[in-house]
Amino acid sequence: MTVRLSRRYEFFASHRLHSASLTDEQNREVYGKCNNLHGHGHNYEVELTVRGEVDPVTGCVVELALLDRLAEEQILAPFRYRNLNEEAPVFRTVVPTTENLGVEIDRRLRAAWERTFAGGEPRLDKVRIRETDRNICEIAQIR
Amino acid sequence: MTVRLSRRYEFFASHRLHSASLTDEQNREVYGKCNNLHGHGHNYEVELTVRGEVDPVTGCVVELALLDRLAEEQILAPFRYRNLNEEAPVFRTVVPTTENLGVEIDRRLRAAWERTFAGGEPRLDKVRIRETDRNICEIAQIR
Amino acid sequence: MTVRLSRRYEFFASHRLHSASLTDEQNREVYGKCNNLHGHGHNYEVELTVRGEVDPVTGCVVELALLDRLAEEQILAPFRYRNLNEEAPVFRTVVPTTENLGVEIDRRLRAAWERTFAGGEPRLDKVRIRETDRNICEIAQIR
Amino acid sequence: MTVRLSRRYEFFASHRLHSASLTDEQNREVYGKCNNLHGHGHNYEVELTVRGEVDPVTGCVVELALLDRLAEEQILAPFRYRNLNEEAPVFRTVVPTTENLGVEIDRRLRAAWERTFAGGEPRLDKVRIRETDRNICEIAQIR
Amino acid sequence: MTVRLSRRYEFFASHRLHSASLTDEQNREVYGKCNNLHGHGHNYEVELTVRGEVDPVTGCVVELALLDRLAEEQILAPFRYRNLNEEAPVFRTVVPTTENLGVEIDRRLRAAWERTFAGGEPRLDKVRIRETDRNICEIAQIR
Amino acid sequence: MTVRLSRRYEFFASHRLHSASLTDEQNREVYGKCNNLHGHGHNYEVELTVRGEVDPVTGCVVELALLDRLAEEQILAPFRYRNLNEEAPVFRTVVPTTENLGVEIDRRLRAAWERTFAGGEPRLDKVRIRETDRNICEIAQIR
């Protein structure tokens, strides 16, 4: 029986939406107040969804302690209480929108997943970022 | 990289569940108290999910100001603070259940989407209506 | 030991904000879109707070079945799935704002409370109405 | 038009995570404090998702009273206010993790669904269990 | 300037509502299904409210690390993942209703508070227990 | 009849907790990761509670458009999408903890309230800031 298990994590970070490829006026047009020079921040929620067979002995799809360790190393340690633009190298050149933050978390987690599970079960099914109650981004294996 | 971005909107409206094709007794049986003659109402939440490539310059799947404008024109302006049965022409003949409200919002939005994006990216992936904390309807591209 | 116990109930109703003592223009000015002729509706949440001694035998401040019965009779039966303006006699002359709905629920419940507990313990401490996630009204014994 | 309708139910139950196939030390390692001898409990939320055509007369995908009756018989009656390990026969040999609880609810509901709809429309699309705000399990028709 | 600061903690526990001073029939009457022999459980949320002057140097009413340590010692360590009736000595003779759980948490915390702050600032203003989304108990300094 | 009406507003901002009166080591001890050099951010929710008589004509305690205007001018315009330390003059010398942010919002709003209502009805009863789901600060008229 294949199931999906989702687990949520939270971190608080700040960011500024500003693209070096756009003029100041274009930046204000695209990002509105999110382009404010000094940045602002959010209570981010990350939901990781794992997919696989339920282990007949433990009744689990994934060992939760292992999932929590991957989340700590790949998501919480690098982003918790951070200014994303200043402290996450990737966001020096990439704009830290919800989409790009999701893509980066997905990329980091998949690399660690590959090192841990070597392509076997369980699979990482989905990464979902909730920036505010109104804005949610999901990176699924559409690829 | 293809991602999904969801954005939520809220409106308050009233409705009455009553089908002209059913007898009074059948209406009470199918809809229970929701068939009450004078109607009742809800705090509706609509979640729109867009799917597409992340723009390498802006880091966005869709321009949020454009998405908000489409939501305003197609959902909020016609339904906000309205009596659905009385003020939305479609619900003169169609019963405004969560399902039919979802289908109508999906229909309106897809038509506007087609006019705006002409079949190109991004695509409208899903429309989701939450009528109460217990009742949720989703119109996905199952078709 | 005196404690407070709160219990929440939910009902769905519709209303229109319109005062017969105001001109049409004044009504639109005061109530905005809530003045819309055909009305709209909400998922209302009512929280009742009871205050009293914890019964040493049962460990309860109030018998929950009794509290639920009072809520059913005084709040849910008269307002659930109703059009407040049309079906609640008081709102033929009084505008069904969150404040006035709170005052009416408080009035009804206090009268039933007096008949049930005759001025003894427990006391009804507070009635709180949540109309939307942003609007909350509380009727406390400030009097 | 095919849509999905989801409806949520809640029950309160207790459980202990302990596998007879593991040593005491292994049990503590896998389940941590959830292995505590006397058990603990949760406010479980179950979301059932039904998929099908909207009935042109009623505007519904499924008769809600029927869905509520199936949920009552197959989920709430057997699990509400229960100790899962002691009172649900299946959990005498199977560990009542969120995953296994989801699989069992899915199994019971599909059997009842088959008896009720005999393979016709609507279909049961998904069963989702929320054990805590952080842990969610989903049983979808991946099979 | 006197302010109130509230901080929330969560734990998962099980309990059974049964009073040794009542007959089996009376127990079923008072507690309904909560009297079920094998017990059930909840996701409990505890909100502690502290009241005092804002420290002009730190900008805090209370050192959060200290508040977290008191919560860990007095609430989480004794109740987290526990069967309240079996593992908390007080609930061998006292029925673990929301009210009595609140009174016990308040009692434990006030004793530790007195040992820590010796009657000085800040004061413990309120203890609030949320057992379910519908049931909330508050122990305030009404005494 | 005196009632309380509460209305909620949301804004996203960033801050860094660091006191110039403390050594670097003391700062890390008191504020932990919140002392991080580059700051972080939150989805702040502000709840304003107004207390007064219900107007017999309008059924309102306060004109909502007026309350929204005061909130916009005194809270949202100065803090929305801002870095509190850099852009709010008061937080150049005062640490922007939840407590101090609450005190500042309360101070600004009371000054504007006095200019608007000149000591008459309605009164501003309470300002409540929710920084995260776990941390809430309330400034009430305890003074």
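A, B, C, D, E and F label the chains in the order they appear, each numbered from 1.
One rule holds in what follows: a contact is a pair of C-beta atoms (placed from the backbone, for glycine too) under 8 Å apart; a residue touches a chain by one contact, two chains touch by 3 or more.
What you see is a predicted model; the values in this text were computed from it and never measured.
In the CA-based superposition of chain D onto chain E, the rotation angle is 180 degrees, rounded to steps of 5. Here the CA centre of chain C is 28 Å from the CA centre of chain F. The geometric centre of chain B is 42 Å away from that of chain E, both derived from CA atoms. Residue positions 133 of chain B each touch two or more of the other chains. Under the stated contact rule, the graph of chain-to-chain touches falls outside the line, ring, star and complete shapes.
A complete list of chain pairs in contact reads A-B, A-D, A-F, B-C, B-D, C-E, C-F, D-E, E-F.
Across the complex, chain B is touched by residues 10, 12-15, 33-34, 36, 38-43, 80-83, 86-87, 132-133 of chain C. Within the complex formed with chain F, the chain E residues making contact are 1-9, 47, 49, 51, 54, 57-61, 63, 65.
Of all the residues in chain A, the ones that touch chain B in their complex are 17, 19, 21-22, 30, 32, 94-100, 102-103, 133-140, 142-143.
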